Amino acid sequence: MNLQGPLWRFTGVRPAAWVFFAFLYVPILVLVALSFNSGQSATLWQGFSLKWYSVVANDAEILRAAKNSLIVATLATLISTCLATLAALGMHGPRFRGQGAIQGVLGLPLLVPDIVCAVAILMFFAFIGLKLSLLTILIAHIVFCTPFAYLPIRARLQGMDPRLLEAAADLYASPWRAFWRISFPLLLPGILSGAMLAFIISMDDFVITYFVAGAGSTTLPIYIFSSIRMGISPKINAISTIMLLISIAFVALSYYIGQRKR
Amino acid sequence: MSSAISIESLSMEYGTPGSGHKALDDVSLEIRDNEFFTLLGPSGCGKTTLLRLIAGFEQPSAGIIRLYGEPMQDLPPFRRPVNTVFQSYALFPHMTVAQNIGFGLEMQGKPKAEIAATVERMLALVKLPHVAERRADQLSGGQQQRIALARALASRPKVLLLDESLSALDMKLRKDMQIELKRLQAETGITFIFVTHDQEEALTMSDRIAVMSQGRILQVGSPTEIYEAPVNRTVADFIGETNFLAADAFASGVRLADGQLLSVVSPTPGPVTLAIRPERISLQDSGDLQGEVEEVVYIGTDTLYLLKVAGQSGFRVRQQNRLGAAQPLKRGDAVRIDVPSAAIRVLAE
Amino acid sequence: MSTPRQLAARRQLLRRLGLITPSMLVLAVFLVAPLAIMLLVSFLQPGDYGGVKWGQYSAEAYINFLYERDLDDSLVFNTDYLGIFQRSLGLAVMTTLGCLLIGFPTALYLALQSEKKRNLLLFLVTVPFWTNLLVRVYAWILLLRNGGLIDSGLGLIGLGDGALGILYSDAAVMIGLLYTFLPFMVLPIYTSLEKLDWRLVEAAFDLGANRFQALKRIILPLALPGMLAGTTLVFIPALGNYIIPELLGGGKALMIGNLVQLQFGSAHNWPLGSALAFALFSLVLLALLFNGLRQRRSTEVRI
């Protein structure tokens, strides 16, 4: 149906959309522009330079934080995606008693506000005597990444024609072989987007990480937070821009893959 | 003739035993070697359930399914030498046509060269030799149908199951595929079990038909037997067009509600139902049954007359439109209907 | 006696439970148990330097909510905490309304575009989901601070005086919340509108409705499920937000999240922190319950 004709021009809709996109993107564009500032000020433009990027690239503290973030995000993604894939496979099929409760627990991390989740896990670690470290961050990240990885896999599984597995069984494939030849390749896009979601969520998390991070296990968001608290600087502009660009490249890539599949 | 599939007292119950819905109710059936057998019935009659039990996708609540004498109701589907052509085709979307067709052989661990040769042979058999490397979802509906057939036939099953396999095709393709299926069955010599709700399709294609309703088999027989000699009203009603007249049987004939007499032999005395096919009777002045025209419907080759007979509306008579045989009848005209006794089937109530 | 069919079904169920168990274990040990412990802690006495005194139960944390203990141990009514709850609720409601106000026309605009343009715009809506919240909030600090870009921009046209005074106020927190949660409102509304059968709107036009009437009587009611979903997605995280008031409110415009954090930081009062966190969680559950009921009612109407 063609909805671009004059009949469909509702008053005020287009300006509202432009306000929306401007509101969304102007701050980001400003931030990116200011990261190329040559002066010492974070907001006063004094000329183009890449100097703050080299400052960032040579800052040992930032590099250590980036390394910690990558380690945690990679492990959390791997583990939570495995957990989520198994859970999605188990949840698929005729309903059984108690399935609703299990579904509820799987979605719980999405319901509990970050800050509540953070203090609950913090106290738990304190009471069982687990010293705060990268390990405690990892555990917390696995908890809140699992539902994010679970949802796309489950959706993909629900969209799969159950006849395909019957056809495989009909053509002499044992359940194990049918899984690897049929279910898994068809689920793969869901598993990949689940893993990507988990990775980004883990890389970006600040609140929960902030509470369960031990001394010396600083991640990138924690580093940025403490820098902002000490005052704005062109260095933060540069590192922020880098993080933005990495995220955007990530989405653009997944978007491109998604478009090509169609 | 040996029996390919023999089914003994098969039942299938959903929900709690005893109170659940019975999809199949104590069904017994013999399907012969190398025959084109059709399960016919309205949707929800249990025909697809029966097919899925034979394929092994579901377990029966009770009963035995034998394949050439071997009980197989406890075998999983991937150990049964039976293949299915699904209604939705269920072609694997992430594989090529060749990979789809070769899948069954691959699972059975056949050597690559043999698989490739079979795939080629199958593609030739279904007359699509050039699509091997295409992805399944790039094919048209009719082509997908042929590939689904080729895939199911590739591992030379002892029995091929077809679940409403033609229902997604348009009319013309469907007619072509009906002929194609008959040819394939003759060429491969495999027993086909075909599920459909389309009685015309069933009559044209089958060696034998089982008519099902509400989880039970009502009648098994050749298309002629089913059409000419339906065992009860449900079968007669489902297959073709039928007029039903209530009557009272006595020694030498039957009496209709308004007292008209017809000479036909009834197996039982008392109240019976007469089943009369509209194309077997004609409007003739010498006819032995009296009626009144309610509606005249012109359908090209035929004219359909809806009559009121013995107080019952909607009695149908089909007359071929021959040249010069114009006798313009209109609503309210009294007519006489010629009903040869061979055209009447007496059904005990 | 079990039939082979029942045995097969039981084996199948066991296999499925086996697949679910690992994730359930992780979530039960590291989320459900901690939440249960948190509830318990809220009824304990605080330890002297953080932590709690086990075995000493009291409702002190909940009493602290409304009253303060005076020097002579008598209870004095104190609205400090209540005020922060009220302000948090107010900010979350305002954010939700603001998101609806801008989000609905934006979603409608998206739904009316050609497919190619729509995909690009949708992509632009989703990008913020994937970018770091701290970084985006930081960008607003650059804009809003005294002597920042908006301030100096206003100065250039002779309106600003170098003391904009927006940063570290409720206004700044509002802007930050709106900015963060707008996409959460646009996407579900868009999903509703995308499914809408536009021939219904054509029918309305045909029957004499003008654009405004068609919008009000056809499009808006049919987009309601999306608006409800969006409301939940915005209200809940806005209510419990910690980062935005912390960075843009600067310790002056506190919300519940900051209050909770304080109890685990400088205040060393874990029971009170737990009680506050639990109160926040309850508010969230209430909001979800409310939304669930509304949604059930609206589906009942449709059937």
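By letter and in written order, the chains are A, B and C; residue numbering begins at 1 in each of them.
Definition applied: contacts are C-beta pairs under 8 Å (C-beta built on N, C-alpha and C of every residue); 3 or more make two chains touch, one makes a residue touch a chain.
Computed from a predicted structure; not experimentally measured.
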{"item": "Selected interface, A-B versus B-C, where C-beta contact pairs are more numerous", "value": "A-B"}
{"item": "Chain whose average C-alpha position is farthest from chain A's own", "value": "B"}
{"item": "Nearest-to-centre chain - CA centroid comparison", "value": "A"}
{"item": "Between chain A and chain C, centroid-to-centroid distance (C-alpha), Å", "value": "17"}
{"item": "Chain centre separation in whole Å, for chain C relative to chain B (CA means)", "value": "59"}
{"item": "Chain A and chain B, separation of their C-alpha mean positions in angstrom", "value": "55"}
{"item": "Of all residues in chain A, those that touch chain C in their complex", "value": "1, 3-4, 7-14, 16-17, 19-21, 23-28, 30-31, 34, 42-44, 82-84, 86-87, 89-91, 93, 96, 102, 105-106, 108-109, 111-117, 119-124, 126-127, 139-140, 142-143, 146, 150, 200, 203-204, 206-207, 211, 221, 224-225, 228, 232, 236-237, 240, 243-244, 247-248, 250-252, 255, 259"}
{"item": "Chain B contact footprint on chain C (complex, rising order)", "value": "3-5, 8"}
{"item": "Contact set on chain C toward chain A in their complex", "value": "12-13, 15-20, 22-24, 26-28, 30-35, 37-38, 41, 51, 102-103, 105-106, 108-114, 119, 121, 123-128, 130-136, 138-143, 145, 147-149, 152, 178-179, 182-183, 186, 198-199, 205, 211-212, 215, 236-237, 239-240, 242-243, 247, 256-257, 260-261, 264, 270, 273-274, 277-278, 280-281, 284-285, 288"}
{"item": "In the complex, chain B residues that touch chain C", "value": "59-62, 73-74"}
{"item": "Sites on chain B touched by chain A in the complex", "value": "55-57, 76-79, 82-84, 86, 88, 90-94, 103-104, 107-108, 151-152, 155"}
